[in-house]
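Written out below as C-alpha cells is the structure these notes cover.
Lettered A, B, C and D in written order, each chain numbered from 1.
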Amino acid sequence: MEQRVRVLIDCNDEKGLVYKISKVFYDRDLNIENNREFVDKEKGKFFMRTVVTGDFDSQELNQELQKAVPNNAQIKVITPRVKKIVILATKESHALGDILIRHEAGELDAQIEAVIANHDILEPLVRRFDIPFFHVSAEGMSREEHEEQMISLIDEQLFDYIVLAKYMRILTPKFVANYPQQIVNIHHSFLPAFIGANPYKQAHQRGVKIIGATAHFVTDDLDEGPIIAQDVIPVNHRLDWKDMQRAGRDVEKIVLSRALNLVLNDRVFVHGNKTIIF
Amino acid sequence: MEQRVRVLIDCNDEKGLVYKISKVFYDRDLNIENNREFVDKEKGKFFMRTVVTGDFDSQELNQELQKAVPNNAQIKVITPRVKKIVILATKESHALGDILIRHEAGELDAQIEAVIANHDILEPLVRRFDIPFFHVSAEGMSREEHEEQMISLIDEQLFDYIVLAKYMRILTPKFVANYPQQIVNIHHSFLPAFIGANPYKQAHQRGVKIIGATAHFVTDDLDEGPIIAQDVIPVNHRLDWKDMQRAGRDVEKIVLSRALNLVLNDRVFVHGNKTIIF
Amino acid sequence: MEQRVRVLIDCNDEKGLVYKISKVFYDRDLNIENNREFVDKEKGKFFMRTVVTGDFDSQELNQELQKAVPNNAQIKVITPRVKKIVILATKESHALGDILIRHEAGELDAQIEAVIANHDILEPLVRRFDIPFFHVSAEGMSREEHEEQMISLIDEQLFDYIVLAKYMRILTPKFVANYPQQIVNIHHSFLPAFIGANPYKQAHQRGVKIIGATAHFVTDDLDEGPIIAQDVIPVNHRLDWKDMQRAGRDVEKIVLSRALNLVLNDRVFVHGNKTIIF
Amino acid sequence: MEQRVRVLIDCNDEKGLVYKISKVFYDRDLNIENNREFVDKEKGKFFMRTVVTGDFDSQELNQELQKAVPNNAQIKVITPRVKKIVILATKESHALGDILIRHEAGELDAQIEAVIANHDILEPLVRRFDIPFFHVSAEGMSREEHEEQMISLIDEQLFDYIVLAKYMRILTPKFVANYPQQIVNIHHSFLPAFIGANPYKQAHQRGVKIIGATAHFVTDDLDEGPIIAQDVIPVNHRLDWKDMQRAGRDVEKIVLSRALNLVLNDRVFVHGNKTIIF
C-alpha cells in the first residue's frame, strides 16, 4: 500500500545503526522524506524520527526494523492521523480558548473529544463550539473522590492525550499512573523556578525581570515532568502580580499549543526526565 | 554654577509629591531634562529619578528637596562622574573581558581600579590593558583567612562598586556586610532557578529548553539579592552541559555589563529585595 | 464627583511644564496614581499620561490644564470606559479568534460591535459568539465600489477603533482618511522588512533566521504607519514558507492583541510617524 | 589512521542517499558521532554533515563517497583544525574586541593572523594582544586604489576567512569575487530592513520597537548575501538613534561571533542565497 509513515526508533546506541535502518528502507525502495537523529553519548542512547513514503506494510516494516536494531528497541511505525484529546480546565479560558480556535480552524491535528472542568464557568464557551462539556465539581469531596469521578469520566472517552489547559488541581500519583506520557500540562512559570502555587505572586515577590511558562508531561513529581517547551517575556517593576499573570497568559497559551502540536506530530521522545524534540 | 545633576528621591508616598518636588525645581528656574517616577501602592513608597539642568548649588537643592518631601526621604543630588570599580574574578575571562573592552573604548562610565582574582590565570589578560592585577590565592587557607586578605586589599582601593565577574567563591555575610548595595554579581542561571553550584549541569539534568543569566546585588542570602537584569537564550537536547555553559557565557557577559551600566548611571533603586529601574 | 481619569497631554516642550501641570492637580487636591512623561528634545515636544483620582469636573480640569500649558496643546481628560470596536477580516481566524476569546473572557477593554469580512468563511466562528457578522463580497466590484459598501456599513456602527485582523485588502487613501488614527492593523512581517504581498514567501526566499509581526496605525502609505508593537520568533532552513506562515500566526495574533490593549487603554500617542507608548 | 573528521555532502537529492552514504561508513567500520541532514524538496537538493571516527584515509573516503552519490556532488572530508582569519575593521572596537577576548581565551577555533583597518584608532587595542595590525588609510585615494592596497596586504596573509568586524567601507564586486564564501560580515540591522547607510538612524526615524543585527556572507549585492545568524533586542521611544546604536552593539558582536563560530566549525552550507545550518 502506497503510504507515508513516521518511524520512531528509541534504542541503545551502537555502531552502524543508521546504515542498518536505512538499509531496511532502501531494500523496500522507500523514500526518506525527512530524517532526524540524536545520540545521547553519556547515556548510550539512540533516537531517530524518519518520515518515509512508499509501498509497504507497516507491521512488516516494524518487524524488519526490530531485526536491524538492538534488542530493547522501541520502534513505532505511525500512520499520521487526527489524534483525539480530552481537555481538563478550571476557570481560565485563555489556554482552552487558544486550542478551541485552532481546532475550529482545522489547524490542530487533533479532535477535541471533551472538556472536563471542576468549575462550570467555561461551559458557555465550550458549548459555543459544540464540544461536550462536563462539570465535575470538587465541592464537598476528598481529592480521591473527585479524582475517581474524573477518571471514570475520562475513561469513557476515546483519547490519545489529556491536555491540562490550566487545570488548577494537583493530580495524585494514582491519577498520573493511569496515563503515562499522555498528560500534557502548562505550568505558569519558567520551571524549575517557582514550583507550586501562585508562581506569579512568587515571581513578583522575587522581583524577577523575566517571567515564563513551561509545557511538560506530567509525572508523579509535581511540576517535575519532562519539559516539552518553554518561553518567556520581559517584565519590570511597574507590573504587580496580577499584571504579570495577565502578561503571562499569552506565553502560557502559546507554549501549550506549541507543545501540543509537537506531541500530536510525534516529534517528542521522552528520555528519562527530559525530552528529545525533532 | 551651571550644571546637570541626577536627583534621586526614595520616600513614603503622599499626595502632592510631584507638585512639591517640581516646585523646588521651578522656583530655581531649573530645567527637567528627564523624569521618571514610580509608586509602589502596596508598600506606599515613591521613587523618582530626575535629570535637571540649571544654575544652582547641589547641597542647597538637596536641602530644599528634603523640606518638600516626607521626613524619612532619601534624597541624592548626584553630579555625573566616572565612578570607580574593583573587579573580582576567578578563571573565566568572558565577563571580565567584556568589561575591559568597553573600558578601553571609553564606553564604560567607570574607571577600573584593580582586578583581584583567586587564581592567576587572568593576569596576562589584565596586564595587557595596564590595569593592576592582584592574585590572592585561597590555597591552604580557611574561607575567613582568604576573605580577610581580599578585604584588606579591596579596602586599599578607591571604589564605588565591586563587580563579581564570575568570581566563583561564596562570600560570607561578613564580607557582604562591608559593602551594602555595592556588590554586583552575575549568576549563571535564570534565578531563582538553579541556585547554587554548577547551574548549567543542573539545567542540563532538568532538560530545560531555555537558559539564562541574572545580574543582582549581593546580600547575605546566596543568590537571593535584588535582581538588576536577566536575559535568556533557547537551548535544546543537542547541547550537553558544557555546550550550555559555552552558550550561556554570551548571556552572562551581556547581562552583567547591562546591569553595571544601569548601576553606574544611577538608574537602580533598591527597594526591599527588588529593584526599581529607570 | 469622585472619579479616576486619564489625562493625556501632547504639547510643545518648555521649562516648568511638570510643575504647572502638577500644580493644577495639587490645587484641586487630586491624587496622581500613575505618571509618565517623555520629552522629544530633537522635536521639542512634551508628552504626558497621568492617572489622577479625586473630586472634580473633567471639563473644568481640561480648561485649567489648557491654561497651564502652551497654546497648541492637545489635552484629553478621559474617563475609562469600555470602547467599541469593529473588526475587519478576510479568511484567517487566528487574530480574530484571539480577540473573540479575550472578549468572551471579559479581558478585552472593548465591546466588539461587528465583524465585517470580504469572505464568508469566518461567519460560523463569529456567529458562535453571537456577534453580528457582515459579508461584503468584493467579487465583480472595483476596489472603490467595494470600499464604498464597506464604509457605509462601517459608518452604521458605533465604534472607537477599526481593527484589521488579517483583512487582506489594500485600503485606499480615501478609506484611510475617513478614520485617522482609528485603524489598527497587523502586518505579517517585521516592518519595514517585507513590505507588501506575501511577506512569508519573501522571508523564506531571503533566508532570514527570524520572522516577526508588526501592529501599526494605518495611514496613507501602505505598511508605513506608526508602529505600536512588534515581536519576532526564530526560524531556520527547515521551515518552508507555509511553515513560516503557520509559526508567524502566533506572533501576529499576540502582537495585534497587545497593541489593541495599549490603544484601548489610551497608552499610545502618535507623534509624526512614530508612537510614544506609556 | 585513527581520526575524527567532518563529512560535508551537498548534492542533488535522490532515493537511497542516506543508505548509500552510511554504507560507505559502515563498510569501513566507521562510527557516526553526529549526523544531520536536510532535503530541500523544492530545489531537489540534499545536504548532510556527519562527524565520523575510525581508522581510514580521508582521500580514499572522499573517493568512495563520490562513487556513492550523484555526479555533481560536492563532498568535503575535513579534519578539524584551527582555521586562520584576517579581520577588517574601521573605528569601532566592540565586535573586534569580542573576537580578541575569545581568541585570547582559546575559545575561538581560529588563529587571528592580522587586523587590517582603514583608520589607526584600533591599533593600540590590537597591539595589546600582540596581533599584527595594519593601517591602510583610504585618504586621498579612489575606492579602487584603496582596495588594491587592501587586497595585496590581505593576500600576503594565510587565511581561511575574512571577518568584517564593523569594517565601514563598501566592497566592490571585484574585491568580493576574490574571496567567494570567505567573507563574513556583520550588518547593523535586522536585514532586509534598513539596508545601506546608518541603519540605526533609519530605525529611529521609522520608530521600530525592535532592532537587530545580521551576520552574512558577502556577495556582490550589498547586504544581500546569505544570512548566517540574526538576533534582536527591544527598543522604545526613549532611545535616540545613538542610544539604539549603543544598544545594538551588544547584538552585533554576539551575532558576529556566533556566526563566525558556526562557519569555523563547518556547520554552514551556502545554498543559493541562503544558508543551511547544522
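The rule is short, and it goes like this: a contact is a pair of C-beta atoms (placed from the backbone, for glycine too) under 8 Å apart; a residue touches a chain by one contact, two chains touch by 3 or more.
Since we're looking at a predicted model, the values are computed, not measured.
Student: How many hops, at fewest, get you from chain A to chain C via touching chains?
Tutor: 1
Student: Indicate whether more than half of the residue numbers at the chain A-chain B interface occur in both copies; give same if so and different if not.
Tutor: Copies use mostly the same positions to touch.
Student: Could you state the distance in Å from the CA-based centre of chain A to that of chain B?
Tutor: 40
Student: Between chain B and chain D, what is the separation of their C-alpha centroids in Å?
Tutor: Their C-alpha centroids are separated by 35 Å.
Student: Indicate the residues of chain D shared as contacts by at least two other chains.
Tutor: Chain D, residues with two or more chain partners: not present.
Student: What does chain C use to touch chain B in their complex?
Tutor: These residues of chain C touch chain B: 15-20, 22-23, 25-26, 29, 31-37, 39, 41, 234.
Student: For the complex, which residues does chain D have touching chain C?
Tutor: Its residues touching chain C are 38, 40, 42, 190-194, 205-210, 212, 226-232, 236-238, 240, 271, 273-277.
Student: Within their complex, state which residues of chain D touch chain B.
Tutor: 92-94, 97-98, 100-102, 104-105, 107, 125, 128-129, 246, 250, 254, 257-258
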